[in-house]
Structures are given as structure tokens and as C-alpha cells.
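Chain nomenclature is as follows: A, B, C, D and E, assigned in order of appearance, with residue numbering initiated at 1 for each chain independently.
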Amino acid sequence: MTLTLNATEDPTVLDENGNRIPVGAALVSPDAESATPKLWLQNLSLKYKTTGGERMLALDSIDLKVRAGEFLCIVGPSGCGKSTLLFLIAGLHEPTSGAVLMDGKKVIHTGTDRIMIFQEHGLFPWLTVEENVEFGLKMKGVEKKLRRERVREYLNLVHLGKFQKSYIHQLSGGMKQRVAIARALATEPDVLLMDEPFAALDAQTRDLLHDELERIWAETGRTIIFVTHNVREAVRLGDRVAVLTFRPGRLKREYLIDLPRPRHLEDTAVAGTARDILGDLREEINKSLAVEYQQ
Amino acid sequence: MKPIARQVIFYGVIFGLWSLICKLHIWPPYVLPAPWAIVEALWAGFQDHSFPIAILASMRRMLIGYGISVVLGTFLGIVLASNRFFEQTVSGLLVSLQSLPSICWLPLAVLWFGLSENAILFVIVMGSLLSVTISMETGRKQMPKIYSMAGRNLGARKWNLFYHVLLPASMPYIVTGLKQGWAFAWRSLFAGEMIYVTLGLGQQLNAGRDLNDMNLVIAVMILIIAIGTTVDRLLFRTIEKRLQMKWGLLSAT
Amino acid sequence: AAQTVVRIGAFPNITHPQAMVGKSNGWYDKALGSSAKIDWKSFNAGPAAIEALFSGAIDMAYIGPNPAITGYVRSHGEALRIVAGATSGGASLVVRNDSGINKPEDFHGKKVGSPQMGNTQDVALRAWLKAHGMKSLDKGGDVTVLPLANPDQLTLFVKKELDAAWAPEPWATRLIKEGNGHLFLDERDLWPKGAFITAHLIVSTKFLKEHPDVVKNFLRAHVELTDWINGHLPEAKKALNGQIQKETGKALSTGVLDDAFGRFQVTYDPLRSTLLTSARSAFDAGFLGKQMPDLSGMYDLTLLNQVLAEKKKRVIQ
Amino acid sequence: MKPIARQVIFYGVIFGLWSLICKLHIWPPYVLPAPWAIVEALWAGFQDHSFPIAILASMRRMLIGYGISVVLGTFLGIVLASNRFFEQTVSGLLVSLQSLPSICWLPLAVLWFGLSENAILFVIVMGSLLSVTISMETGRKQMPKIYSMAGRNLGARKWNLFYHVLLPASMPYIVTGLKQGWAFAWRSLFAGEMIYVTLGLGQQLNAGRDLNDMNLVIAVMILIIAIGTTVDRLLFRTIEKRLQMKWGLLSAT
Amino acid sequence: MTLTLNATEDPTVLDENGNRIPVGAALVSPDAESATPKLWLQNLSLKYKTTGGERMLALDSIDLKVRAGEFLCIVGPSGCGKSTLLFLIAGLHEPTSGAVLMDGKKVIHTGTDRIMIFQEHGLFPWLTVEENVEFGLKMKGVEKKLRRERVREYLNLVHLGKFQKSYIHQLSGGMKQRVAIARALATEPDVLLMDEPFAALDAQTRDLLHDELERIWAETGRTIIFVTHNVREAVRLGDRVAVLTFRPGRLKREYLIDLPRPRHLEDTAVAGTARDILGDLREEINKSLAVEYQQ
């Protein structure tokens, strides 16, 4: 069953038989215990400064609840504001209006409970691979021996155990991305914010990491917000997939994915659902192209 | 081996040209002394221990003064970084103070510290402190935003953010600042040693100039250059090389 | 009671012979005995010594007339008193041999150096030009008066860019010996009895008030040393040169030392009238403000005269 | 509005403290003059036009001297960048020359240029030239390799590579160098103006010192600070802001 | 028909019926005119300096000929040396041994005939989007008016016409990648070296750019060397796909792809061929994982 819900229209969901059911219920029912959502984006907007001095609306009134332990994937055309949304949740940008609530409390600063994997790594060139991965643990005050162990564990996870002493510039593109993944996972935060973490990886490595990520998620009950441009990946991993509109970024539609796990990227069910979502996304991308060519 | 050969050639050519000019007798020797006269002056200075003593005295001052500058300058940089009020007020004042020539500080140095070693140190510190502070500020401003974002995201706050992220991320600028600070300190030393007559290279230079003894002036200049080069090579080049190695700024193959 | 420490400033310079010789043979330490301890400070320039005196870093100083006057005037007569003389004479007008200057009228259109704007030699030069009907460029005349550091005067003599200079010792001698110059005028010839003040001893007013006994003892030693130097010239010259070498790392050549010594006298007489005359000229040249400062309180010769009286020497008015 | 208010408060407090110290008569006024005496001295200096004339003369020298430094320093930087032989030889010498205090240059300046404006300019140039050159070198070395790779790949060679890639990529360092160069030039100006008596701020400062006129000294110091701040604000801050804007080093929201 | 050829063994190719045919013939036959290959990598090896001061062999004796107008795709596990290979062809690194010949002449320097799209963009932060794209043209000495036109054309191609005046930091990750693509294409070089150019793009945009790239290639007869971790993309685009081995990078096997064009990513033939190659690649990746875990 795939539930689609149109956020801009009625807050209802279509069930398998095409009957509309109220969204709130559909969202909350799978996990009734979480009365307050883990994350609550309230009417979130953000404007960027542009060169002229005017301000460009990047995100427009995003309203979204993420329950604890949910795996939410976000897709949308390039430049629609996916990374921006993660920045806001991480507390790295301040919203122009609206707020992000975590466990009911307003997010103002960054916090080790929300660790992000940046689209452009953000690895520290002055530290070795090992020290990069260790960084978050050190900041959390984890004791040295434990730190070393965890670093080893997560570097092995991303197949970089041999490169622990290398500096960042000595790694290939894909290797850098894997260090960034290890760095974020090692910190073991409540909420993981992942910005296209697997974009530079080959299919095989990516599949392996999908499995690992899913395992970690299932074992630890972490909340994950996962940005990707690969719809199939989103369906493979997510409990829910949110589609953003093109400039300004609004919540276009959400899909509840309740395919049984473990899923695989090549499953026909995954592919089928992905096709549905892709249709939706394509609409947005076409809109963006229209904007482009109308000038 | 090759760079050294080049340097030998280079300094050889300079020496040769200089000798040539002297041989041509364009200026009398007490105005532009010949290289061999300088060598003699150097020899004499080392022979009667006046140069070693002066170098030791001056280097001691430099080490203390520059050390204070680095520590205090770093501290000031931290304070400025952490406090907006200071940044908007003290910071501007500091930049302008940096352009005050050292002699402006002489009267205040005497007033506050009397005729003591401390007065000289004060002049050195006032001359170099600020370039350390300012370079820390510049580094913080020119550093790519992603580093501080990643650091904050991973839980670095306040002191940790500063020490583990901002500081290393702006290290290339800070090293430049330390280098400039050294040059400033070194220049201020000569101003400071003019407060009163005391052992030191500044005194040697002053004596040479007061007596119009160009041999001595140039011998001291050569000492200054030699010490400057040594410090640059041993200290700053090493740091820079390490930085470049870590950051991947050297050729990879 | 704690021993009094007297901090005394002086230049490692030929015109401060009492300080140099006294330092080198411990004359003053012996004379003061256990009553006070001497702490010598060396300076390169007068203004720095005055700064140090102002800020309380030194108590006494051998110093030229110029800084003493400015120090006195700046502090509205508060900071210092002249208590004795030290040297007299020792400044000359030297001309470059190929400058074409043979008589005073030849100075028209020439470039003449002086050590520093408004200092004794500068004032003397301007006064002398005026007396011979000439004026400096900035006063509408045709003689270029160039205040220049002494070493630079020598360089410019060599480069033939400077025609003459009114210089103190040992520079006058060096200009003659090394700059291809000759003596045109010894400043002593302009003064009655050939004496005019070059350096004297000043004391901070505060120290003078608090420790008159120490100052008096010091003055006694100063007078005795002055007599000793005049009586033992070769020995004194050697001690002086040795001390200069010790402090600056460089001794004067014997030729320069001898010639320079021949052109000035060591004396304890402050030659008050010559300073006042010189100050008058300075004021006329516009260097001492709009109003002639009152220098009457600048001298405190009571202690010197007590010492001289003790010694049955002629007291100074 | 707010930063300005802060600055007013800040300088107000300094002024107040200073006045307080003077009122307490810790030091006599001829050692530490009172603020109002300084204001008077400033007023007098502007009244009789001596300050405006001195500022103009000094600024003229600075513009010419600093201008030469920037042009020549850039040129030297280019030569060093393009030639390995020079880099390995001249470069080390330059760093050491940078630490020579300006007074070392005075005798040579007089010897080579006599008593002319050029002698003063020479001292200014020798004081500041090198920090421009050195900052260009540092910038080139600390610049991320990817820029030069991308530039070369897109067909930039030699002069084009230098002008269109290396230069802009190391601009943050060069601006730091230009700023330091300005500070050095400004300090050297005062040394240069000591060569002979000529109109200028250095002369005013000198006169103040020679006459032990602390009012004048501090008034000139305030002028120096004011000019330094103005140049920093108008010139360097503007350039830095532009750079930060382009490179995305300012807050984006 | 898919031709597979094993470079380390006999220089032969398997045809559809499993018969071995000589490689040279198979390679040259489709385009007999090119006697000297456009690019000839001769026994190319490269060692990187590592932290300890030793040197790590990144590429080992690569022997490869690329004919003029060929579309060659290179796949291989992360860190195997794909980017390094492009650096060598571009003349940005000097080989430790061996040489790169272009049109029979040894490549020593960079040249505008070989333009590269860097995996990490390498866009100039001090230039606007427009100026970045213009850069290569300016270096080539193209006249101003023509330059402007071409910049507009290629910015439209990557759907960034509206962002011409923006600075690089004002763009999203995908937008940066597209600027880099436009910058390389605008220079219109003989040989295009593309290092995972579409990694950060959504499926729709990528599909569009596939079509555009294929069109440009077909129209202008450019030689393209295309590095990707997406095997299907390699099959979609390439005349030939080369698989590199894991550390040190050697040429493991080459596949001639002679599926009819236009192809599509979702074609079953493309998917099938990709599956074959993926099997090969998987072997390498498993080897890399074995290396990792044996420690």
C-alpha cells in the first residue's frame, strides 16, 4: 500500500482502495506512543540574501512533523531548498519565520542530538581521517579509549580502515564522502540529517551502506531525515517520502511507504512506488524548466 | 643540493657586484665600505665578544617580548572573537594603533616602566602584539563558512569551537600574522633599545650610525639579516611546510 | 635607613667627560661612600633624558643647554634645576674645501647644516648669519639651513651636497678630517673669554629638595673631578675613550680625540650668561614661543657655591 | 546605528578614564597631558594650518611611496612566482630584508638619493614593499590547489594563469598583505621624515619629542590614529567586505 | 551484442557466439580512418606521495587507446584511480612512468583541447556564474560578443539562465555541478574529460543532460572520456566501458557497447549489459572490501 497525501490540499490520505482517510491519523497510527513529534517544523520559511541586496525566498511555510524513530526521505528538484531545510533543522541557519521544535522545545542552536552529513563534506583538512571521525565524539566528551574503538568501528563500516592516518586531500571523492558518513554516524545522535550522502558512491558500496544504515536505524531507533535526488533510494529507505516544490520550496506531497523491510533497490515494488513519486517530481522539474525557458 | 648551489651563486654574484662597485671608487670607503672591510668588522666584533653579547641580549629581549605578544595577541584575538561589543570597538582601535610608529610608545614606556628592561619589552610588545591579533581576526573572517558550520554541528561550542575549529581553520592566516609579528617585533626592538643605552644589536647599530661607521652599520645589518633568515627558515618555513603538507597544498606526486 | 640611590643620566659622548671618566674610575662612588649609591643610565639623545627625568626614572643628568631649557619651560619651571656646568666650547663652523667659501659673504646661496632645528648650534648659525646680513631660506633669505643628523652631514659633505656645517665635537673634527673640510670659525671666537656652555649638570627639583646632602656631595666630587681632568689630560682622555668604547662598542680615533679635546674646556662653571644670551637668540629666531620664557629660576647654584666656598674657590654669581 | 552607539560609548569611556587619571594628578601634566590640553593642541595645530599642511605632505608621500610599493611589490611577486631560481634565492633575502628596521636604510637613502623627497620615498618603499611581495607568495602557496588546476585546465597559462586565477584566488592573503604594507609604510614614513627637516607629520612628531612637548606628541598620535582608522575603514574594510561577499564568507540569511 | 575484452589476458574479444576475435580489429574496425588514436595512454603509472614519505601506487601500467570521436566510459570502485587517470590525460599530473599521447604527440602541459569537469567542481568563487562559464572562452581568446552568446546558450542548457549573476556560494550543490558542466562544454574542446558530472543531479535533469550530451557529441564528433560510478549511465552513454581494478588501478576489462542509439537508462538492453558489467565490477569491489576487512 502506498499512501499519498497532498499537503497543500485536504489533509487526507488515499488508502489502497482510493478512500480518503484523515492524514493525522494515518501519520500517528503506526506509532501511537509519540504524542509530541520528535521534530516539528512549524510554518518554516527562509530567505537568502542575494547579490543585489534583495532577499530570495528559498523555503516557504514548511509544516512537517517527524515522529521519533521515523526514516523520512526528502526529494525535490535541484535548488529547491532541501539542503536549506536540513540547515534549519540543524540550527545552522535561523528561519526567517516559523520555528523548528525538537521534542517540543524550540531549536535555536546546533546540538549533538542533530548531526548532519553535509552535501559538500565539510571535512577538516587539518585533521587526519581518524581525527575527523573522532571529532564529534571528542566534543561530546566521550572517553578516549571508547572514542578510538568507535572510530575504528565506523571507519571499517565505510571501508576506510586502512586510511585512518591519511589527510583529507589524499582521498578520492567517494572516500571523502564516506569519511563524512562515518563522522556523522560515529557521533550516534538522536536525529541524523543526511544530505545526499551516497551521491558519489558506486552502486555496490551504496547498497552495502543502505543495508548498514537501515540496520543501525532499526537497532537504535534513531530518527533520520535523508535528502536525496534518487527517488528509488528514497523509497528503498524511507518510512515516508516528502516531495518539495520548485522555488520557493514548499511541501508538495508526502508518501507513506509501508513496503515490508528489508527492501532492495531493484525490488519491483520499490521501483513501482518510485515511478509514482517520480511522476510527481517530474511535474515540479518541468515547472522549473518552464521558469528557465520562459525568460 | 641544487637550491643550495643556487643560493651560493646568488650571494656570490651580489658579493661580486658589490666588490666591483667598491673597486670603481664611486664612493669613498667610509660611505660605502668594501665587502672585505665588512668581513673584518664582523670578525672584530666576534673577536672582542661585542657581537655575541649584543646578539644574546637582543635575542633574549625578542624571545620574551615576542612570546608575550603571541600569548597576549592570541588572548586578545579570542576576546575579540567572542564578544561583539569588543569587536566593534576595540578592534578598530587596534588596527589604528598598529600603524603608530614605535617611537610614539617610547615616552609612555619610560613613564610606566622607568628605564628598565620592561620598557624595552613594552615597546616590542606594542609593536608586534597587534599583528597577531589582527591576523587571528582576519583568519576568522576569511575562513570558509563550512568549517565553522561542520564544527558547530558536531557539537563544538564556544571554547571548543574556537580551539578545535576556528583556530586551526585560520591557521594559514595566523602563521602569516606570526611572521609579520616577528618582523614588527624585530623592528620595534631597535626602537626600544634606543630608550637608553644598553647592550644589544640596536645599540651597535646606533653606535655605528652615530659614529658614521658604515662598516659597523653594515656588519650589524648582515647580522640582522642572518638572524632573520635563520628564524624564518627554522621556525616559520617549517610551520608553513607542515601546514601545506596537511592541507594538501604541495604537489601530490 | 635605606640607602639613597641616585640615578644619573649621561651620554657616552666626548662632551660629557666628567661622567665618562667618573664612571670608568669609580670617582663618584668613592666620593659618596656609603651615603648613596649611584646608578648610571646612558642615553643617546637629550629629549629621551628629559623624558626620563620627567617621569621620575632619573634624578640627575649631564645634558646640553637645549634640552635643559625645553625641559624647564615645558614643566613651567617645575621639573629641574641646573646646579653646575660641565663643559664649554667645542662647536665650529666647518666648510667643505671645494665649496668656494672663503669669507662670510660667500655663504650666499649655500647649503649649511646644523644638528637639529632650534638647538644651540642651529641658533648660533642663524644668529651668525643675521649678524652678517644673511637670512635663511625660510626667513626670506638665500642661505639654506638644513637641520640634519651629524652622520648625514658627513655623508653629504662627501657627496658634495652640503657646503658647510655648524657642528659640535667630535663631528667638527671628523668633518675636517674625513669630509674634506676646514675650520672656518671656532665658535669660541664669538664669545667673551672664549667660553660658552656646552653641557651642564641638572637635578630634578624633587630630588634636590629631598636629598640636598647627596647632591652637595656629588657636586663636591664633580668639582674635584673637573680639576683632576684638567690636571691629568692624557690619563683622562684615555679613561674617557675607554668608557665610550665600553658603552658603544667603538672608541674614537686618537687623532679625532686629540683635536676635539683641543677645542673645548672642562669646567664646573655653568656660564649662566652665555645660556641666557643663546636663549635670547633662540627666541629671536622664533624657537621659544611667542613670549620670551622666564629662565631666571632655572639655576640653583647654592650648593655649588657652598662647595666652592669650602674649597676656597671663587663663587659664581 | 547600534555599532556607532557602541563606539561612542567606548571612546567616551576611554576619554573619561583618561580625564579621571589626569584629575587624580598621578603624573604631572607635562608627562601625561589632560585630554582638554590635547584638544587645545589639536585646535591650535589646525588653526595655524600646520596640521593640515603636515597631513597633506605626509599623505602625498604615503600615496606615492605606498603606490610604488604596491606596484613594485606585485611585480616582484610575479617575478618570484614565475621563476624558480629567483624564488629560491631572492625570496629568502627579501624575508630577511623585511625585518631590517627602517633606520638601517637611512644612511643608504642619504647616500643614494641625497636630501630629496626620493630619500624619504626610498625609506617608505623599503619598509613596505616586501610585505606586499611576501603576502603574494604566501597567498600563492596557501591557495587551494584546485583553483590553479581548474585554471590551467581551462587554458590559462603564464600571465593569464597568474592574473585570472592565482591573483584572485590569493586575494584574501594579498589584502592582508596590502593592509600590513600600509602599516609598515606608515611607520617607515616617520623614520623617513627624520632624515631632514621637512613638512610632514613625522616632523611634527619629532618636533614634539625634541621639545618634550607631550601635548604635541599626543595630538599627532591622535592624528595618526584617526588617519589610520579612516584608511582602514574606507579602503581595506571595503575591499574585505567585497571579498567576503563574493566568496560567501558572510552570513547568508 | 556486447564485446568483452580482457586486457590483462589475451588481446581478444568475445563475440556474441563466444568466439574470440582479435581486439585491435574490433576496436579499430568501427572507424577505420583513425590510424593514430586520438588519445593513447602508454603504460601509464602514477604514484602519490603519502604522509609517511613513501609513495602509493595509484595507477599501474594503464594501456589504452581512444579513437577520435569515441565516447569512453570508465567505471571502477571508489578510490581506484579514475579521477587520477583524468588528471593525467588533462596534463595536470605528471605520470611516474609512461606517457599520454594526443594525436601522436606527448602530452606535457594542460591544453584547451582537453577540458575537464572536476569531481569537486573547481569553480572560481571570485567570479559570477556567468564569468565562470566565460572563463575558458576568454582564455581561448574568443571574442566578447560570441562569448556572451555561448555562455547564455550553455547556461540555458543546464537550466541556470536565471542565475548568471549569482556567485558560486549562492548555489545549491546540484547547481554548482551544472555550472561546472556548462563551463566545460562552453569551451568546446576536442576531448572532454568528465569526472562524475551528473552525480548530484536528480534523475530527470540527468536524463535531460544525457540527451543533450549525446546530441552535442553526435553533432560535433568530440571525444569524451566519462568517469562514473553508475554502470547503467556508462552503458547508456558509452561506445565502450572500461573497468578499473582496485588499488592499484589497472585496466581489468573493456566492454564494447554497440547498442543502437538513442538509448535510455531504463531500456532493458541497457540494464542487461549494465548487469554484466556490474558483475565484473562487483568482483573488484569485493576485493577492495576483502582488503579492508583482512586487516
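We adopt the following convention: a residue touches a chain if its C-beta (ideal position, glycine included) is under 8 Å from a C-beta of that chain, and two chains touch if they have at least 3 such contacts.
The structure displayed is predicted, hence computed values, not measured ones.
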item	value
Chain located farthest away, centre of chain A as origin (C-alpha)	C
Chain whose average C-alpha position is farthest from chain E's own	C
Degree value of the rotation bringing chain B onto chain D, based on Cα positions, nearest 5	180
Chain pair with the greatest number of C-beta contact pairs	B-D
Separation of mean Cα positions, chain D and chain B [Å, integer]	16
Where chain A and chain E are represented by their mean Cα positions, the distance between them in whole Å	30
Distance between chain centroids, defined by C-alpha means - chain C, chain D (Å)	38
Distance from the mean Cα position of chain E to that of chain B, given in whole angstrom	50
Residue list for chain D, restricted to those that touch at least two other chains	27, 31, 106-107, 111, 145, 209, 214, 243, 245, 247-248, 252
In chain A, residues with contacts to at least two other chains	48, 51, 120, 167, 169-170
Residues of chain C engaged with two or more neighbouring chains	51, 54-55, 151, 155, 159
Residue ranges of chain E in contact with chain A within the complex	48, 50-51, 75-79, 82-83, 119-120, 156, 159-162, 165-167, 170-175, 178, 195-196, 199-205, 208, 229-231, 278, 281-282, 285, 288-289, 291-293, 295
Of all residues in chain E, those that touch chain D in their complex	87, 90-92, 109-112, 114-116, 118, 120, 122-127, 135-136, 138-140, 167-170, 183, 187
Interfacial residue positions of chain D with respect to chain E in the complex	146-147, 149-157, 160, 164-165, 168-169, 171, 243, 245-248, 252
Chain C partner contacts - residues on chain D that touch it in the complex	27-28, 30-31, 106-107, 110-111, 114-115, 194-197, 207, 209-214
Parts of chain C lying in touch with chain D, wherever the complex brings them together	46-47, 50-51, 54-55, 67, 70-71, 74-76, 78-79, 116-118, 146-149, 151-152, 155-156, 159, 161
